[in-house]
Amino acid sequence: MNASSDVGYHAQRQSRWHYGEVAFWLIVLACGFAFPTRYLIMTDILRLALFAMSLDLILGYAGIVSLGHAAFFGVGAYAAGLLALHGIINEPVLALVVAGLAAMVLGFATSFLVIRGVDLTRLMVTLGIALLLEALAERFSNITGGTDGLQGIEMQPIFGQIPFDMFGKAGFFYSLAVLFLLFLLARRVVHSPFGLSLRAIKNNPLRAAAIGIPVNRRLIAIYTLAAFYAGIAGALFTQTTAIASLDVFAFERSADLMLVLVIGGTGYLYGGLIGAVIFRMLQELFSTITPQYWQFWIGLVLVVIVLVGRQRLHRWVLYVPNLVIKQVAGRRAIVAVPESDA
Amino acid sequence: MTIALETQNLEKTFGGLRVTRDLSLKIEQGARHALIGPNGAGKTTVINQLTGVLKPNSGRILLEGQDITDLPVHKRVLRGLSRTFQINQLYPDLTPLETIGLAVSERLGHGGDWWRRMGTRNDVNDEIADLLNRFHLLDVMNEQTVTLPYGKQRLLEIAVAIAGKPRVLLLDEPAAGVPESERHDILAVVGALPREVTVLLIEHDMDLVFSFADRISVLVSGALLTEGPPGQVARDPQVKAVYLGEEAVNV
Amino acid sequence: MFTKVHLLSMTAILTNLFDGVAYGMLLFVLACGLAVTLGLMNFVNLAHGAFAMAGGYVCMVLVNRMGWPFFAALPLAFVSAAAIGIALERTLYRHLYTRSHLDQVLFTIGLTFMSVAAVDYIQGSSRVFINLPAALQGQFDVFGVGIGRYRLMIIVICGLLTIGLQMVLAKTRFGSRLRAAVDDPRAASGLGINVPQVFAFTFAFGCGLAGLGGALSAEILGLDPYFPLKFMIYFLIVVTVGGSSSITGPFLASLLLGIGDVAGKYYVPKMGPFVIYTMMIVILIWRPNGLFGRTAAR
Amino acid sequence: MSDLLAIDSLRAGYGEAVVLPNMSLRLAEGQVLALLGRNGTGKTTLINSIVGVTRRFSGTVALAGTDVTSLRPDQRARAGIGWVPQERNIFRSLTVEENMTAVAQPGPWTVEKVYEMFPRLKERRSNFGNQLSGGEQQMLAIGRALTLNPKVLLLDEPTEGLAPIIVEELLKAIGAITRAGGICSIIVEQNAQKILGLADRVVILERGTIVHDAPSAALKADPSVLERHLGVAGAAAH
Amino acid sequence: MFERKQFSRAAVVAAIAGLAAIAPAKAEDTVKVGLILPMTGGQASTGKQIENAIKLYMQQKGDTVAGKKVEIILKDDAAIPDKTKTAAQELIVNDKVNFIAGFGVTPAALAAAPLATQAKIPEVVMAAGTSIITERSPYIVRTSFTLAQSSTIIGDWAVKNGIKKVATLTSDYAPGNDALNFFKEHFTAGGGEVVEEVKVPLANPDFAPFLQRMKDAKPDAIFVFVPAGQGGNFMKQYAERGLDKAGIKVIGPGDVTDDDLLNNMGDAVLGTVTAHLYSAAHPSQMNKDFIAAYKKAYNTRPGFMAVGGYDGIHLIYEALKKTNGDTDGTKLIEAMKGQKWESPRGPISIDPETRDIVQNIYIRKVEKVDGELYNVEFATFDAVKDLGKTKK
């Protein structure tokens, strides 16, 4: 049937790999070789990107707002830290997965609280959970080291072969590999019927239920998965920095994350990656220019982004590539980025 | 005749207000049944109870003889009860292709499938293509819903409900708000619904009601006033009174 | 060690209650403007603390640098914060009323960052204090219960404000127009009430209250450029726990939070903020719209 | 006599949906217009469009010769539009008296005069809006619109929920108010019989379009028109 | 619907833009000091004092030493350790700094320690005060203080001066715990009794309830340690609570009566006795000049954090002089060991074994001098080493 194969073709349009995407990842990989002196900050960007991708899964796809995503990051971070510190699991990759699972368990448990209520309640409940964990971590300082954090973490080599080095080279490629694998998984998930149903729930939960989608179950599933991602990001943080301190739970971490995702755009997975690059670059730029007052400029950027309108801004950003594509390839120009958030 | 959808002594109160009063309806298999009544008669409340959005205070709802009173919305859908909304309830960011694809996938039980990509199941694709074709949406299948003309959105609204292969379909004012020029498409599509689907139409537009329905129930103040074939309802003096206001009708 | 302290003596309980009430009242004055913007205009204004900070610094400059009497500077704290509020409302905020909560959150976090850095630039990052008149310093004893003069003044001022606020809302035409606008903005507008104007005025008033609260709180909470970030969470707790449909909810939530916080620190110092966060989560799960929120509406 | 209300080529609706495709209607001082039609034919949308709370695509609305199209609803209200909404929309956290004083504008209609007309409201003056019965709410909605001292009074199903004796008095009062000068009224009704005695003129809507516009006397003379446009049988005959 | 392909092109563009921003810095023939301080966040005042003091020193002494130009590269870490670590690595690898310096809090100083070891460059700690820091790397040297230094001394002093019962209030983090433990050890060894012990959260808005608890415990004195910047709040509420009237004294390390805030604290602070390394009232000519210059430049009084910074940069200068401009890290750290000089706080030196500071600890009492509040020194303990290490 002609129309049917046509439909199949178009339905797969989004999930097919494109040259641009391949190029994107090649460039990221190339960065690892081109800038051997900037591994730490690039690793930082990768972790942030993974963390942002986690938020994108719930915010960009399912429309769940969260001001407390650091809760899962923190659990992952402490889990990885404790595993390494006490030598429970010495192999980083295995520890990473276990830490992610720990966060995932928390995600599943708290998802029941989060799927209830309106946006504001969600913001506050998620924030509350993160703050609560921070308070707990401070309270049980005999386990967590309290305000001073876990001291003396020493990471064993990855697969027993590749040691973490001071300049963060191993950490960078390790993080990159993890990010890429999890990206592949996320990409697969969001282009599945499950992923599509999340977007439907975000767009219109009433109608989603009316075509037979078990809304709550889907939301719980994605929230749990996102918690896993955030936990992995947190565990990567601990493993690559050998630090786990209370600020992994901090409100600022969750807030920054939101900014990253919004700068990059939600609902297409690359938003977190691009946002992380731009955000860190901006932060780096501003804090180099003015180490004391960089927050002012970050704030200004945010205000401008919102005032101008995220959609319009993305259109402007895409204006030049648009023009190039039009000239070179003679194809239809990019119109807009999907943006309709909770 | 088998009964597709039935309510038994349905009661619903909001605060002290009885909005559904002892309502017992029987809708036969394959019927084209219309539910009419003046403003505030409680039609929407009845729909919401049928679909599971609201819970009745008492009374039962039976779908093909099975009690569905306590089932959540999505489970009723899976049992074959679908609805359209008076005000479009679509996914603004999704395309008609995705919207229908999703509905079909959910029905076939692939909705929770998180590994297989969309568009890789031929049975799903076939069905999507068929629906897009029937509802005149093939040409716009890759447009974002929010950008479609109102009439196309209305068609999509009905197509989504049909994609669930319902055995009973509740149509809530399908032609509401559609410009005159696009109205014809909607009426044609509604008229061409397969006979095996039982349709309950909630409608103000009497032209549409009388051209479509083979049976009409009149709801007043939450209670059933009368029921019968169109001719009989049209002649009913009580109905006349409700609509024209000869006398106040006490129920 | 516990045995040596008579933790459960009547005076200890009363002193804690007094301190808790004062703390709660302060939180209320600081946060009630946020309840207004959130409940009335459905606008998430995370920059609310910035207005409080503005009021605090204005008061500090007037008193410490220009030698104004403390009580003369307080109204100025109100006025300046309200003026900044109305200026921002007219130029920036009103464009965002119809935007998503996420946009509002980002925008106001951005404003908060800017205010933090700006105040740091102008006034430095050290904590500042406002020179108090001698009459407000120290404590006096009532049947063994220590009554702090400054806290007593806070209770008096904030109590009067709360009563005044309630009176304005309940008894004046503006109050009834405001309530009408909240109840049903569409009908209110169709019946001749200029809803945006009413809201703008209310917004400015809320900012003014925050400014006043900022000036009053410098002594107790400390005033530095990070004030808006540090206390943002407290304000949000007050508003979400109390519900934002009336001022009674936030008022009671503030008292609850104030007393709970003080008692928590006194009796279980190690548990610290744990008590409060748990309380908030439980309340929000039990009643997603807050203790006194409207459950039916929206 | 000049037109107090003039609607020209108004196209309006909600969101993307167009309910009134092209509405033109003029109303002179002292006129009482009965707006009839089945459910969903756009009666309330027409009222709401005059008030200014619908989406306007094109066309104009003028009040006493002044174009009010670009005015906000509250400005229109102050310019002289008194609205009794279909859902009554009583402010529930305001008392009966506050419901009126909050919107009142100077003029002959004072709260006291409203109390004279509805003594029941006076008894309940300090009750809150959400404590009133349906009938009381209806009285209050009308009283509230009157204290605005409007030039155009828009009543969307004002008799709904009122006892017959009150309905009669109310309709009489509306007639008297309107004819006392400086005012015109539009009453939306489902129950045509109730209102034919009062109205000077009857407009019937179908799918947002005027299908009948004539003096009410003509309609009384020929009930088949009503049957055709409002009844159930009329459609069956198609 | 957006076009994925085109979008990912945009992603590529963004990535390239990102790359362009990361441009490697080239090394020059200067001496670079990477200064990592909390310039934002709750600890910002610490960072600013140190930065100010360093700027002042370089204005006074010029920015060349041993023929090399000294360049300061300031990075903000907001007192968050992972940011410290990233900043330190960036500074070492890209900016090729010869020193890393600053470090507002202990975790920050610790986070940078392994980098200092591996890169073999000196880490000059100018603020953080936990004993263990200098043990974490042979390249760490400290010009601030340790809490053990002052806490033990005030513990001994208290017992000898008629204080028998003490309640303690300390911030719940490593320096606070150091202060508490060293104090307790010395105080109880001398026969004193700790009747109440409260650890308060580091970020703590209101001391009132804790203070009430202190008051109800009826001690002779309260031993207090709160981080620099919070002392003002504490003292205010101490007075408000009427603890001064109840005859409960405040003792502790000098953080609580930090000079830069002291003047705002009100008269209740009068009579507070603290043990500390520095007082703005230290009666040396050098200190008077330092204060005058600092006040002139920044219009505020310097606190002990500023002195830590001032001495820190001095130590860097001196080390460079000694190596004749050689920037080899190992040589520099050797040059730093055993350095002795006169600081605004008095005579100080670097312990050649522990690389920690050896300094006089003064017992001071808050008094009013010319209408301003000062910590007036009345007893001196000479050349105190860090007892946290000498014990081991």
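Quick notes on this structure:
Think of it as A, B, C, D and E in the order they're written, each chain with its own count starting at 1.
FYI, a contact is a pair of C-beta atoms (placed from the backbone, for glycine too) under 8 Å apart; a residue touches a chain by one contact, two chains touch by 3 or more.
These figures come from a predicted structure and were not determined experimentally.
Fewest steps needed to get from subunit B to subunit D, stepping only to touching chains, is 1. Most remote from subunit C, judged by the distance between CA-atom centroids, is B. In terms of the distance between Cα centroids, subunit A is separated most widely from D.
One inter-chain figure worth recording: subunit C and subunit D are separated by 44 Å, centre to centre, where each centre is the mean of the chain's CA atoms. The mean-CA centres of subunit C and subunit E are about 34 angstrom from one another, to the nearest whole unit. Per-chain CA centroids place subunit A at a distance of 55 Å from subunit D. Averaging Cα coordinates per chain places subunit B and subunit C 49 Å apart. Shown for subunit C are the residues in touch with two or more other chains, namely 116-117, 120, 270, 272-273. Multi-chain contact residues of subunit A (touching two or more other chains): 13-14, 138, 292, 294-295, 338.
In subunit D, no position touches at least two other chains. Those residues of subunit E that touch subunit C in the complex are listed here as 40-42, 44-45, 48, 195-201, 203, 205-206, 208-210, 212-213, 215-217, 229-230, 232-233, 236-237, 239-242, 245, 260-261, 264-266, 268, 300.
Across the interface of their complex, subunit A is touched by residues 1-19, 21-22, 24, 37, 39-40, 44, 47-48, 74-76, 80-82, 85-86, 89-90, 93-94, 106-107, 110-111, 114-115, 118-119, 172-174, 201-202 of subunit E. Subunit A meets subunit C in the complex at residues 59, 65, 67, 113, 116-121, 123-125, 127-129, 131-132, 135-136, 138-139, 251-252, 255, 258-259, 262, 292-303, 305-307, 310, 341-342.
Contacts from subunit B toward subunit D in the complex involve residues 36, 38-40, 87, 150, 153, 173, 176-180, 204-207, 209-211, 230-231, 233-236, 239-240, 243-246, 248. Of all the residues in subunit D, the ones that touch subunit B in their complex are 13-19, 21, 38-41, 157, 160, 164, 189-194, 207, 226-227, 230-238.
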